[in-house]
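Two complexes, one shared chain (subunit A), two partners (subunit B, subunit C).
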Partner chain A sequence: MSSTVTIQDRQSKVTRWLLVPGIVWMSLFLVVPIAMIVYVSFWTQTTFNISSDPTLASWKQFFSSDTYTGSLWTTIRIWLIVLATTFIVGYPTALFVGLFVKSKTLSTVLLVVCVIPFWTSFLIRVLAWRPMLGKEGAINIVLLKLGIIQQPIEVLLFTELSVIIGMTQIYCVFMVGPIAFMLSRIDRNIIEAARDLGAGFGRIFWKIIFPLSLPGVVVGAIFVSVMVLGEFATSGALSGRKVNLLGNIIVTQVGSLKWAMASVVGVVLTIVMGVVIAGLLRIVDLKREL
Partner chain B sequence: MESRFIKPALGVYVALFVLFLYGPFVVLTIISFQQGPDGGPQFPIVEWSTYWYRQVFGLTPPSRIAPLPFGEALIRSLVLALMTMVVSTVLGVMSAQAFRRSFKGSTFVFYLIVLGMMVPGVLTGLGTSLLANNIIGIERHWYTTAFATHVAYTFPFAFLVMLAILNRFDSSVEEAAWSLGVDPWTTFRKVTFPLIFPGVLSAMLFAFTLSLDEFPRTLFASGRDQTLPLAIYGTFSVEIHPNIFAFGVLTTLFSFALLSVYGILMALSVRRAKKMAMQEDIA
Partner chain C sequence: MDTSVFRLEGVTKRYGDLVALNDASLEVGANEYLSFLGPSGSGKTTLLRVIAGFEAPETGRIFFDGRDITNVQAHERGIGFVFQNFALFPHLTVMQNVAFGLTNGKTRVPTPEAEGRAAEMIELVGLSGMEGRGVDQISGGQRQRVALARTLAMKPRLVLLDEPLGALDANLRSRMRNELRAIRERLGVTFLHVTGSETEALAMGDRVVVLDRGTIIQTGTPGEIYDRPASPDVAHFLNRFNLFEGTLSNGSFSASFGTIRAPAATRADRDCYAVRYDRVKVLPLSAKPADGPALKATYIASEYLGSSIMSFFDAGQGHLIEMEHHLSLGAPETYEPRQDYLLTWNPEQAIVFGREAAI
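And now, the complex of A and B:
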């Protein structure tokens, strides 16, 4: 009896020591830095430095300036639009890969095809949209050649539209993956049974397929939200500095050594992030579904 | 039936989707063969040439356009990715191994680790810089502060990969070793590790590629010396030339090579496992 106790004791000791390094690393380099952002957002900003005297000055400045509050609304607007476009663009692809393709090999090949673009550096992928969208870019050339348009479209580049197109292309794969995964797990017999009972495709889709794929949509939405909300490179490179997201504000504030203001924006971003993810996790209970 | 119509329609849609995914890369590749050094990063192609590829390797006579300052940055990024890969994978294997037994507070620890892939990089970068500047009072470097943030980002991926592998792991082989009196560490080294090695390779690949391309975390946390993504970002603010596109094509080819190595290692380890199983059968 006593020997089993010691074995269990020793094993739970082993478990503890296996966990300690990971917990310490994440606490020191993730939790503490975020707490630090909250703390510094209440510091006093002097011209080139910050001191730890507590003040609400930076917070007041944030909420009294149209540039800052505007960037909050821009971030939320772009996030909602990109969430919608990645879903609309990604869902049919996921439907094909996850449900309609019968052969396992073909669906694996299609998923690999979706992942290959990620082997190009993220920043170069963003940059590649410039010769694509510009006034003399590939899209305008093709459309002119086909005679669909007479004049080159100029609103394609250095506008909010170019940011949305770029982000949609970069992030839509994160929608496709989880949705296709959920769709591939649907029991085909249910669909077969519904068809035998005379249900059309539309009815089968809305009553069976879509509800069962919802956890995948939520996971995809979490991926896309996490990445879009923290974005600044795509908006910086494709909007010609016209679209300023919260991330862009942080970068410019740090660039001019306004650490306190950068921290305020950081806290706002953290709050937005927390609300979004908590909200998404409420729609679907992930632990039960996965 | 309706699905007879829907399936081809979806097939066509997927073809368009792939075109959308690859369009920019195709255009990038075309423009990387632009004439140099006067051809700009746009259409039309004045004349096809490999000028910009030669320029990336410093094989062209000096011109108005400075060569990309990527040499040292590339080495730093590779070293950083290797360091990150080793530490993340070790942490990932350790934590996932611990999760095989239920323990108090496991949900909390799980979310603490997964938080690392949820928090935007710009925030971890900012927080770590603030901490280094104002509390600890150390200089920021790519191999200290940036390294810490890279591991905090890639460790969750390694952890999840290992968790998925260990969940499907048949622990009866370990119990057999234990009952023969083999100590736990030797059991792990000789029995568990060889069996989970394909998963370890995937975790390593994840950590390496994520770190190599990581940009927002590094931007604030790396201090003076640039890593590769920072050097690329530096070219954003000034004029863009086709050399950056040529460089993009080359790095993509490098990724292909890296993945081929991974594929070969994976195939070898699978084949070895099969061979071992066959030997057991014979014995």
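And now, the complex of A and C:
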């Protein structure tokens, strides 16, 4: 009955084969590891050993310890602040690059300029903030020389503020990119039409430009959120160990071979990220907008 | 009494070295439909954008409703603009698009009143029942109507339309042509319509303004333009004339068809002889026309256009001569491809342009 094989049948067969590599890859390196982490989070941890006897001990420990829950709230607080600061710094930048710059070449050049810091390693970009923010760092020296301050500002480095400053600088470009992309796709005639109908700049921005750039804001927010929630290096390098994010806890626990606790924190972090992304995706229908 | 709504006086606009508009002067009456015809790059869109206030002219003045608006901002001019690609707000519904200017414009109309006025306009353009649709859920023709309704909702006294039918297919275009006229007549506003299509310009305009290289080269009713094109260029744009290059001297025109008396020549910057497609007659090669033009040409092919037939002849050196036969005048003759025929016409009906002409 080979003659009854229709084109649709053949196409769905091809589709299935095309899906195989993706499915295999995702199962091996995403689904299985996540399942493994969830499983390990219920293992029994002793000081020098770990066994697969199921227990809720690690979970109980996580939620009863102020250190762990405190770090959960710190993570959420820093994430929200960095999300806000990258948006506040990034949106006007994107507005300039994507909308106000008329030449396509110039806007591409400006975007590349935003990416230039990425030509050095991540850790160098983070550590470079130390000589900037330190007690005898560049900012304090300049402000002292100008006579604006008499005493060096000590709150700049090894505080939550320095972590926020560092993260904002590092992740801002992930906010700028998607927003600038959406803004550059707006038909200039639309803005001219709105102006011709008598709308001022504020109205045009809130009623036309901002809604049309919203998918870019959501994509940018997802990028920033995923990276900030999983952060440990910036907080490690710029907070002097005062700011402990969930990521830092995982690093410490893994370092001392506390696999069960590390897994608990990993699961909590994954759930937080899942909720955040699901929430952001509810704002706009990305499938329709992009 | 000055009945003009709108007046341009010596408007010039340059982009670097390029003169997009050269000393354009024009007067437009109330309740008039004016179409601007010209090839792309002729400055017709620039002219519209200068009138709308999107571009500022270097010299010249623009008057609207008796006041000088040359330095007035676009949205304060009270002139509506319908964009070529409609420029609808893609994230808003039909109703929100039409009401946008009312709720967000200079004078904020409260939403219920704005929606009432918008609904009137939506009804006027025949889109009732589609108020809640997104503009990506409607067809091209409907989008065109939304764009028009959005502009008309602001009650402008002058509406500028930039190739409004360019994005529509042929069928829809002829239907929208009638509707644009009907809507305009109901509202009594003046329309300025830019187009690259001579059929559209002649069909829609009460008056037609022909532009070439930034200069207004003729203004007149469609009849005037059609019967008495002011220059060889106008005759060329109308796409209704066979043009012959030649020389006009001592009241006679010499070209590939011989030398013919041309007493009533029109003054132009070059010598040119124009014969309308439907004035050309085809004779067998053996015939000897008593006097007048006789041009040997090879028949190529015909095109059936419904009410008429266009026949194409090659007069040598790639010069294509077109002949239109209206079927109401009788059944068409059939010609043999690659056979030579003699083309002739009544010289009285030809239009002659020349440098030595008196007028």
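The working rule: the second predicted complex is superposed on the first by the 270 of 290 C-alpha atoms of A that agree within 3 Å, B and C clash if a C-alpha of one lies under 4 Å from a C-alpha of the other, contacts with A are read in each partner's own complex, and residues count from 1 in each chain.
Basically, contacts are C-beta pairs under 8 Å (C-beta built on N, C-alpha and C of every residue); 3 or more make two chains touch, one makes a residue touch a chain.
Note that this is a predicted model, so its numbers are computed, not measured.
A.B. asks: Once the two structures are overlaid on subunit A, check if subunit B and subunit C clash or fit side by side.
C.D. replies: Here the two partners, once superposed via subunit A, fit next to each other without clashing.
A.B. asks: Touching A:M273, do we find subunit B (first), subunit C (second), both, or neither?
C.D. replies: First partner only.
A.B. asks: Per the contact definition in the header, classify A:I208: touching subunit B only (first), subunit C only (second), both, or neither.
C.D. replies: Only subunit C; A:I208 stays clear of subunit B.
A.B. asks: See if subunit A has more residues touched by subunit B or by subunit C, and give me that chain.
C.D. replies: Touching more residues of subunit A than the other partner does is B.
A.B. asks: Just checking: does A:V89 make contact with subunit B only, subunit C only, both, or neither of them? Give me first, second, both or neither.
C.D. replies: first
A.B. asks: Counting only touches as set out at the top, which of subunit B and subunit C does A:G22 meet: first, second, both, neither?
C.D. replies: The first partner, subunit B, only.
A.B. asks: Given the touch rule stated above, what does A:I190 touch, subunit B (first), subunit C (second), both, or neither?
C.D. replies: Second partner only, subunit C.
A.B. asks: Counting only touches as set out at the top, which of subunit B and subunit C does A:P54 meet: first, second, both, neither?
C.D. replies: neither
A.B. asks: Quick one: is A:G240 in contact with subunit B, with subunit C, with both, or with neither? Answer first, second, both or neither.
C.D. replies: neither
A.B. asks: Just the number, please: smallest Cα separation between subunit B and subunit C in the overlaid arrangement, in Å.
C.D. replies: Superposition on chain A places subunit B and subunit C at a least C-alpha distance of 8 Å.
A.B. asks: Could you pull out which subunit C residues touch subunit A in their complex?
C.D. replies: Contacts found on subunit C: 52, 54, 74-76, 80-81, 83-85, 87-91, 100-101, 104-107, 150-151, 154.
A.B. asks: For the complex, which residues does subunit A have touching subunit B?
C.D. replies: 11-12, 14-16, 18-19, 21-23, 25-37, 40, 50, 52, 89, 92-93, 95-97, 100, 110, 113-114, 117-125, 127-132, 134, 136-138, 141, 169, 172-173, 200-201, 222, 226-227, 229-230, 232-233, 236-237, 247, 250-251, 254, 259, 262-263, 266, 269-270, 273, 277
A.B. asks: Mind listing the subunit B positions that touch subunit A in their complex?
C.D. replies: My answer: residues 2-3, 6-7, 10-11, 13-14, 17-18, 20-25, 27-28, 31, 41-44, 91, 94-95, 97-98, 101, 103, 109, 112-113, 115-124, 126-131, 133-135, 148-149, 151-152, 155, 159, 184, 209, 213, 215-216, 219-220, 228-229, 232-233, 236, 240, 244-245, 247-248, 251-252, 255-256, 259.
A.B. asks: In their shared complex, at which residues does subunit A touch subunit C?
C.D. replies: By the definition above, subunit A touches subunit C via 187, 189-190, 192-199, 203, 207-208, 211-212.
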